[in-house]
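Next, two complexes with subunit A in common: one pairs it with subunit B, the other with subunit C.
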Partner chain A sequence: MTVAQVAAPARRPARRAGGFGLALVAPTVLLLLLVQAYPLVEGLRLSFTQTALARPRAGSYVGLDNYAELLADPRLGKILWVTLVYTVASVLGSLVLGLVAAMVMNVGIRGRGLLRAILTVPWAAPGVATALVFIWMLDSQYGITNWALTRLPFVDSYQRWLNDPALAMPAVVAVTIWKVFPFAAIALLAALQAIPGELYEAAKVDRATALNRFRQVTMPGIAPTVLTLALFLTIWSFRRFELIWLLTGGGPVDATNTLMIDLYRESFRNRQLGYGSAIGVVGLVLSVAAAVVYFVVSRRLGRRYGGAG
Partner chain B sequence: MTAVVTTPAAPESVRPGGLVARLASRLAKSVGILALCVVCVFPVYWMLVTATLPTADLFDRTPELLPRPGDLAVFGDLVSGTPMLRWLANSTIIALGTTVISVAFGVTCGYALSRTRFHGRGVLGFALFVTQMLPEALLVVPLYAVFAALGLLNDLGGLVIVNAAFVVPIIAWMIKGAVDGVPAEIEEAARVDGCPRLATLRFVVLPVIKPSVAAAAVLAFFSAWNEYLFAATFATADAVKPTSVGLTTFIGEFATPMNVVMAGSLLYALPAVVFFMLLQRHVVSGLGAGAVKG
Partner chain C sequence: MGRIEIRDVTRRFGATTALDGVDLVAEDGEFLVLLGPSGCGKSTLLRMIAGLDTPTTGRIVVDGEDVTDRAPGERDLAVVFQSYALYPHMTVRRNLAFPLLMDGFRWWHHVPFLGSALYRRERSDRGVAERVARAADVLGITELLDRHPRTLSGGQRQRVALGRALVRDPVAFLMDEPLSNLDAKLRAETRYEILALHRRTGRTVVYVTHDQVEAMTMGTRVVVLRDGAVQQQGPPAEIYGEPASVFVARFLGTPPMNIGPGEWDPAEGVSWWGGLLPALPEGTMPAAGELLVGVRAEDLVVAVDTGPAEEPGVRGTVELHEDIGHETLVAVTPLAADAKSGVRRARLFVRHHGEAPPVGAPVRVTVRDGGRITLFDPATELRLGATRGVRIPTSLGR
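For the complex of A and B:
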């Protein structure tokens, strides 16, 4: 990730030609208005209505009823908790595994290009194909996972990974991390390589321990990247749908029922677009809050490490 | 010899202990790299292994770990027994349409963000970033209502529009970054020679940023190819289902054996994996640049 080369400002913008620029961006703006902005407003409106899936244009206004119902729903606490657990676990897991992978790769080995290409595989594989192969690999009877684990001396029973309320979340998080950590690894590798080697030399001369070198040289060097990654991984985890939906559908017994899954179930299974939209608005507020936290933290960190953030 | 060993300033590698430590760390890193590769590739490898198994061997208590090359009958079953070819055709149409629209829009928009001044430029740049944060699952509900009103449900064109809208912001940022790196002098020279501005973009700037455009096209194509949520919600009729939706009809259904399902998944995943591997440097760094610049 080219964190270091943050936007070189447009060099010498050609004469003031407002009309030309506007003409160039107009198609994109129209597309975004139609597919992003308008639905956003429409979603907000729907959240104040009772609207059936079968007749999406014929809803009736019910004021704040959907929100009242949502807040009174005893399941809301569990949904938020599941969302939090899923997000934190998959973000932390991807960051830690990504950092380990980046540090392993950050040595003078030949074929790093090939290694980077191999790391692209999980990230490039379509979510549907990923879900299907993991459903097969995690199959309780014929899956390779159970077979491989029972080869180990201390494991002797097959697990129903995706059907056991206690195991479904760890399994879904593991699949998510598999899919996401390579992105973190490649970004962190770029950040590691941008750290000047002299800093490590100097730390060595000062006889700093490996831990101290990591804390004093590596951490400040990669902090901006880690922060940016953390934000994007959080947003992606928060809004992730297809992997969870296809692996477990939110089950068993709502063990993996995140906000996005519940929103979809309410809208398209229970066929209540209004109630579903209210859940969506709550989700939107939470993701905006995450972005605000990011900007505050990155500004602080930027001040502490005096640089990009 | 001892003099070298005891010299305080000697590099670590010269000390015998240091050498062993270095070898050990080398070994650890090699093992680590090997593990990394296995973890990344295994699920795709397992699709291949399963796809080459005869149906009768799928339920062996001891799975076979190696593929059986030459036993490709299952791909025949896939083509004759499932609508796989139609799914792939639908996916291709959606992905090509998305690529054309989003690259055309993204290039003009990215160029304008880099080289022109217009009212609302800052707002647009920010809006492009914000779209990255809107959860698709949130927009899918109101979009369903909008598309129902416009008659765009069960329509390949409708899916092209949605996919393009979600990938255009990323492409615009990638292209803006690329155009930022092109010296403005080239364009000025062309303009002095009387070249119209749109022609300058087409014939002067575009050739220079070709690698970024190619990366953007690959990203657009496969973001549409891989997309599931909107397709699953909007394309419910068999005639318009793309591969992502078609393959999921196998979940929880026992008529189609797993070797056929894995063969389909492999055929579906392979183009995306291969293209991203070839172009990962451009795509990933472009993505990162877009993300960070926001």
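For the complex of A and C:
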């Protein structure tokens, strides 16, 4: 009531200046329409057509044929499974490793600033360079990984890391985690530092063990950050292309053929732009689903924190 | 139970010494206030009693047992933190229950499913619920039990923090400036609540504050700390009336004690700011010479200067009035202060009832009958031994 009364006079002049206001926001809106809305709508439209890559303007409308074909494709199950495994493993791995790194830095060891600087290197390094370096490091004959591993007792054979169907996914996930976990670590370090030290002291006085202090003080304190991180990392994993493509190209035997890799293969290798777009729409739906889960969980979390969310 | 001994405790942080050989005893059931300006080491001392910090040297003994190397949770002490340190994601009820639940927590409660089910059973335990309800009732926060700390006011949070300390029935309460985040009115109210809590439980309280009003009104005994060392300890009235040093005299009381340069000449008496003070009883005076003279504002009287210059009393000019309702604080600048420039606090505060001499008026300030004079050594700033708050004999008068 009061708010409405206070707000009403403030709103009226804004409405009167409508034309001018619209002119001010127009550039932004146009830019967004151009780079966000147009590709989205165009992708959707393409997914209902049969379009060859060479002649993108000459597609013919085929209704839901692409989707029907995709759903009937026996490879779809495997693609989704690979995408899921890759996403879950790389997100969980990055979060866990990031949390460990953040907690180590939060303890206040010497040279923390240097450590933090070093930690940002993988995140800042270009994806292509990362992939090329790791291809050499994981090379089956000349790679340092095999050399180092065979120095250990009980390891006496070289592995074809990127060419063995059983090892390619772990290898790609490991490289992904190496590249992504610093981001999680820095975000989590900020969250850890925002937890008041007196809470830990109170918990100590209340006889909470180290594990209980982690569960009752640390986890609730960083939960919102973890949740947001998980959403970002998940969507990034869905969409990750260059790292996987350069490391394995989706192989061997489709072992690392995620949705995004398959999209590229269908669109640009098999030159089926329409079919590729249908795959893209599936990816979009999955991303949106992840975002919905995020909002539901964060709403519940907000309620637990006393209506702040 | 509840006797806390601090034996020759020193704490260093790198090159700085926060506490320097402190010896202190909090007797069972006592309300001991650690008072001092920020950086004097009072919070460090409290944290070491709680086990949140470890002495560099020295021991902490609770009820005859050396607890120096024990974890905070193994000392059976409760701490009320300045920021309250309530667990933000827990309701008030769970905040209060937390210490009790942790008492009963076993490592296998971490095991998923079975362990957490057992833990949940404990959480719904009758005894826990009853003790939480009782603590909530004592502090009048029963209707807040299902709310989260974030939705509470400062005073309510403060009471929840007290409640969390209370549920466990510890041998002693340690409080670290628990009122400093409250506004003035709430602070006064909560003061009484903490005192009532102390009376009800009969437990030892060690209370850290920089607020001398809290120290005076709450403590059964006050310990004044400065630069990591005990300056003086005793009942509030004693600390106020018989300060052991210039520091203590200035730290306690609003306004602080009037302290100024003086001289003791056996032939003439004690002079202060160039004016003679009433004669002190025989045998209370040290050797003749320069000294610092301290008199509380309520022990001074001020009147418009009419008599000849040789009459006793400090001559000066009224500089300003502070009317606080039932009394007026009259600030007088001694005439001698101009001559002795560079002397700190060249201003005398006098508590005055009734009509005060107007600002700018020439006045004479003297010590009232029965008022107390404290003499300090100008070099060490310590009180001169025999003058433990010497009272002016009523008969001698002005």
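Note that the second predicted complex is superposed on the first by the 275 of 309 C-alpha atoms of A that agree within 3 Å, B and C clash if a C-alpha of one lies under 4 Å from a C-alpha of the other, contacts with A are read in each partner's own complex, and residues count from 1 in each chain.
Going forward, a contact is a pair of C-beta atoms (placed from the backbone, for glycine too) under 8 Å apart; a residue touches a chain by one contact, two chains touch by 3 or more.
Just so it is clear, the model here is predicted, and its values are computed rather than measured.
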item	value
Subunit B versus subunit C as contact partner of A:L40, first or second or both or neither	first
Subunit C versus subunit B, contacts on subunit A by residue	B
Contacts of A:R300 with subunit B and subunit C, given as first, second, both or neither	neither
Partner chain in contact with A:R75 - subunit B first, subunit C second, else both or neither	neither
First (subunit B), second (subunit C), both or neither touched by A:R207	second
Contacts of A:L199 with subunit B and subunit C, given as first, second, both or neither	second
Contacts of A:P220 with subunit B and subunit C, given as first, second, both or neither	second
Subunit C - residues contacting subunit A, complex	50-52, 71-74, 77-79, 81-83, 85, 87-90, 98-99, 102-103, 105, 107, 110, 147-151, 164, 168
Contacting residues of subunit B [partner subunit A, same complex]	29, 32-33, 36-37, 39-41, 43-44, 46-47, 50, 58-59, 61-63, 101, 104-106, 108-109, 111-119, 121, 124, 127-128, 131-146, 148-149, 161-162, 164-166, 168-169, 172, 176-177, 179-181, 183-184, 187-188, 191, 197, 222, 225-226, 228-229, 233, 243-244, 247-248, 250-251, 258, 261-262, 265-266, 268-269, 272-273, 275-278, 280-281, 284-285, 287-289, 291-293
Partner subunit C, residues of subunit A touching it in the complex	196, 198-199, 201-209, 211-212, 216-217, 220-221, 223, 304-308
Contact footprint of subunit B on subunit A as seen in their complex	1-3, 5-14, 16-22, 24-25, 27-29, 31-32, 34-36, 38-40, 42-43, 46, 51, 53, 56-57, 100-101, 104-105, 107, 109, 113, 115-137, 141-142, 144, 147, 178, 182-183, 186-187, 190, 228, 232, 235, 238-239, 241-242, 246, 260-261, 263-264, 267-268, 273, 276-277, 280-281, 283-284, 287-288, 291
